[in-house]
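The structures considered in this document are given below.
Two complexes are shown next, each including chain A; its partner changes from chain B in the first to chain C in the second.
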Partner chain A sequence: MTSKNKWLSAPYTLWSVVFIIIPLCMIFYYGLTDKTGAFTLENIMAIATAEHAKALRLSILLSLISTLLCFLLAYPLAMILANMKVSQHSFIILIFILPMWMNFLLRTLAWQTLLEKNGVINNILTFLHLPNINIINTPYAIILGMVYNFLPFMVLPLYNALSKIDKNVINAARDLGADNVHTFFRIILPLSVPGIISGISMVFVPALTTFVISSLLGGSKILLIGNVIDQEFTQASNWHLGSGLSIVLMLFIILNMIASAVFDKDGEGSML
Partner chain B sequence: MKNTAKKIYIALIFLFLYAPIATLMVLSFNASKTRAKWGGFTFKWYTRLIQNDDILKALGNTLLIALLSSVIATVIGTVACIAMNHMKKRTRTVMMGITNIPMLNADIVTGISLMLLFISFGFRFGFGTILLSHITFNIPYVILSVMPRMKQLNPSIYEAALDLGASPVSAFRRVVFPDLLPGILSGFLMAFTMSLDDFIITHFTKGAGVDTLSTKIYTEVRKGIKPEMYALSTIIFLAVLVLLLVNAAPNKQDARADKKQAARF
Partner chain C sequence: MSKELIHLNNISKSFDGQMVLDELNLTIHENEFVTLLGPSGCGKTTTLRILGGFATPDTGSVIFDGQDITKLPPNLRPLNTVFQKYALFTHMNIAENIAFGLKIRKKSKDYIADKIRYALKLVNLEGYENRMPDSLSGGQQQRIAIARAIVNEPRVLLLDEPLGALDLKLRQEMQYELIRMKNELGITFVYVTHDQEEALTMSDTIVVMNQGYIQQIGSPEFIYNEPENAFVADFIGDSNIIPATMIEDKLVSILGTRFACVDTGFGHNKPVDVVIRPEDVELVAPAQGTLTGEVTHLIFKGVHYEMEVMAGGFEWLVHSTALHPVGEKVGIRVAPYNIQIMNKPESEDEEAVAIDI
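For the complex of A and B:
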């Protein structure tokens, strides 16, 4: 059995070493060397320069706000969905995955049409005699784009975690005299922590590192850390600097991974 | 009252999620070339789409990469799950940890890490490098959907099949595989969808001259998106929607059959 097993695990082991482990090592190699191949910390320290630090600060701020908004929007929704008797588990997942079949860039661009000065939303607001909104090409539009794109990644883990809560536990709390507020804060919320942690990391990481949403909805003036790295790779061809900045980003990602490993040991809050 | 509030809330979220999709569908019938104004109803973008070789070629690449990468990822991922199921707990934890890296890592980091790999080892950037990258980020989706099914499996059934004289291969094919199939299918579907919707990783691993729909749209953003793109994405979206609706009917029957079976045990 074991010899056959080794043979079976070989393709994936080989694949993950070549296409996951070695590429990550390459980032560290490039990030920690200069063009001559000598060791340097310069590429990592480059994050402290005014321009890069500003981009990183803005990325952190916008991604924190969008993660919080996603959480506040998704939690009630996940609770409603988890309590629905239909319990067509796969159907609910499907509704949130379905939009992905329309290209993500086009969907984000569609927000331009909706948000423009004479766009759809402003026309409706004018019709209703409400003040217009002008958020296109501002950080607010980027936040909206982030919430729009990543909301499903918050809803699905929360929905999974919440629908796994044993209804008897909630009923027991009620029988023992807990009111709605107590039941929520002392039973439902603590039991959904794996879903919350997984949802937060599923939203925070892509929001922190995006360069597409900011270039589509933020005009060309707002640079996030993702835009800076993208430019280093695709325009400046300075792979060393780009890798150095990516190492800084990876620190946040690793923190995130540790948090999910600690709080979600059994993968209860998984998306699928 | 409370139920109405709930329904309104769900409706608002769905409006938020599907409004851009509706917008794109409307734009695909817009006679005016700019997104900003409505120039009357037309089908011309749909007829022009058929003549637009660039877009059709990008569509071909996108579908071929999605299909190949998800099939290959499904095979590698499923085999890996079978292997991991028999591993020692520690080895399995390490393997699952590695599997989680592309899931939890940022797409931009995965993209540039693969780009650096391909540069350093002298790969020629093009269709092949995109395909390798897509297989890489698709495998975790397969493993994460098959693994839970694997854990639910009763190992005695496989052993019983062996005791009754089945060869390991036919025991796997006729006993284990049917139980894994729903997980394998949903992993495949997930992988296909992710590959189809990917932009960031393709952006870093594609070469000049090869485009998928995503990278083509990205280069068109500055010049203005061709309305044929809206027509194409409307067709794709509606096709998927119809497929899903058609599939939903037999699924319900499956669920009922499952329940009956569960009741018998």
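For the complex of A and C:
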């Protein structure tokens, strides 16, 4: 590399130092020290306290459920899209991407209004003499919010992986005697694994760390690990504990990324 | 000829309003090596897909060994296909690829192991069981695709331009390999290609197709030596196609000069086309030639020289091992049995004429 080319990358290097590396170092510094500045593992071990452990368990549970629901919803859609001609599917992809142009916070607020006890949905249900649904401020509302917000992140990598499968590979399986069920489980599903892995990590990671969806749709009663960390920083002003818990969360994310790197060699998820 | 195995009856197929196959009729015999040959878009691949069950004809029927299989899905047909660009299962190793069809048919472990060994030996890739498809060269992947198809003991193997992605040397090697495999297996091969040389080398029967119609069916020698029309003559090998007049039986006027020929039954003073293969044009001293002309181009082609000779207002393509430099005056002579007479197409449309068989 010539020195001229090195200069071209300077803005990006500067950017990553200022906005990625320095903040990361600060998190590690705060996470591993107490208020006097002395080294301690207490902030990290704090995850083991009943309240924190409960929040983490709930976060993992809700994220897993949401990821599974996203996968079940997205896979058939991605298959339909992958089998369509380009002229037909671009409209459906647009429908999926369109809400993403709107602010994520606004869309979640909209769900809050829709789901309220006297919200739009219940008003319509009452008008139709149907039983009301009361899922606002419950884990169900949080799952709904997660699935709604993160579904496109599952659809696109799956679509990407499925549309890369050569039609003749599927034809070859049929030709060798496989019926539709065999072809799906022995050929299509295994070949779409890279897309599944990146879809899972692209839904699971933001779902695990979210605190906006849980505070807007879960009320103040349901604490996810993201909410706990948020409160430590903003309300308790305990940056040390907040950073320590963040490091624990980071561990889960790194594990997830290692899994994706192992399975997603072709970079199916790189579209986003 | 041996037993008739497959009949395609009045098959028509169109895509988006465009006619791809028009009332196609074709009979394939047991143990025959049939090649569907034609330019891209001639309908040869569609014909193969209809045989394999990947496309349904709009009208007509496919009869296999007396049974109508037109509506049978591909997994229930007694045929197997070798796809263009191999279509191997990249998430399985070679042994699993080959075993795929056998496992679905619930064959025993020993039977499958035996078959894998046999198939890899047949395609000369013994010991490749645990390799992944991506680690193999194009030629090797092609062999695996063939092995994967033949372990199922199909009565017919369909091959869709299987050598198209290989380089010239490998392609020629694989042609001999395929002939050997076919003889060893004793099954019917239906082969699709646009490469006339491949077709001439391997086939028992060549089906020349253009614009959804069969132009001619016959042995390689017959198609080469007796092309039915200008399209076939032009598509199979190099040729001189010259407008001429059939004066009477066994006498034709080419570019105003009379040539003896062997064809009869074209009538008197009838306009025709003649085909003369470049290697059949003899260059002699001007005094001995039926026509005289001058060499205008010369290219060395390895085995022979390719020359163009301007004679009688027509540029003759000539292949000869003897060198005649540019500018030399030469005489042209053609042996009567080397002049092939064809009826002129009556209109542009009829150039893609349907031939009943």
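A few remarks follow.
Criterion: the second predicted complex is superposed on the first by the 244 of 272 C-alpha atoms of A that agree within 3 Å, B and C clash if a C-alpha of one lies under 4 Å from a C-alpha of the other, contacts with A are read in each partner's own complex, and residues count from 1 in each chain.
Criterion: a residue touches a chain if its C-beta (ideal position, glycine included) is under 8 Å from a C-beta of that chain, and two chains touch if they have at least 3 such contacts.
Here the structure is a predicted model, which means the values were calculated and not measured.
Within the superposed three-chain model, A:169 lies in touch with chain C and out of touch with chain B [touch as defined at top]. Of the two partner chains placed around the shared chain by superposition, neither chain B nor chain C is touched by A:45. In the superposed pair of complexes, A:206 makes contact with chain B only, with no contact to chain C.
Shared-chain residue A:12: touches chain B; no touch with chain C.
Of the two partner chains placed by superposition, only chain B is touched by A:239; chain C is not. When the two complexes are overlaid on their common chain A, residue A:251 makes contact with neither chain B nor chain C.
Contacts of A:226 after superposition on the shared chain: chain B is touched, whereas chain C is not.
Comparing chain B with chain C, more residues of chain A are touched by B. Those residues of chain C whose C-beta lies close enough to touch chain A in the complex are 52-54, 73-77, 79-81, 83-85, 87-91, 100-101, 104-105, 145, 148-149, 152. Taken together, the chain A residues at the contact with chain C in this complex read 166, 168-169, 171-179, 182, 186-187, 190-191, 193.
By the touch criterion given at the top, residues 1-2, 5, 8-9, 11-13, 15-16, 18-24, 26-27, 30, 73, 76-77, 80-81, 90-91, 94-114, 116, 118-120, 148, 151-152, 201, 205-206, 208-212, 215-216, 226, 229-230, 233-234, 239, 242-243, 246, 249-250, 253, 256-257, 260, 270, 272 of chain A touch chain B in their complex. Those residues of chain B whose C-beta lies close enough to touch chain A in the complex are 6, 9-10, 13-14, 16-21, 23-24, 27, 35-37, 76-77, 79-80, 82-84, 86-87, 95, 98-102, 104-110, 112-117, 119-120, 132-133, 135-136, 139, 141, 144-145, 186, 190, 193-194, 196-197, 199-200, 203-204, 213-214, 217-218, 221, 225, 229-230, 233, 236-237, 240-241, 244, 248, 251.
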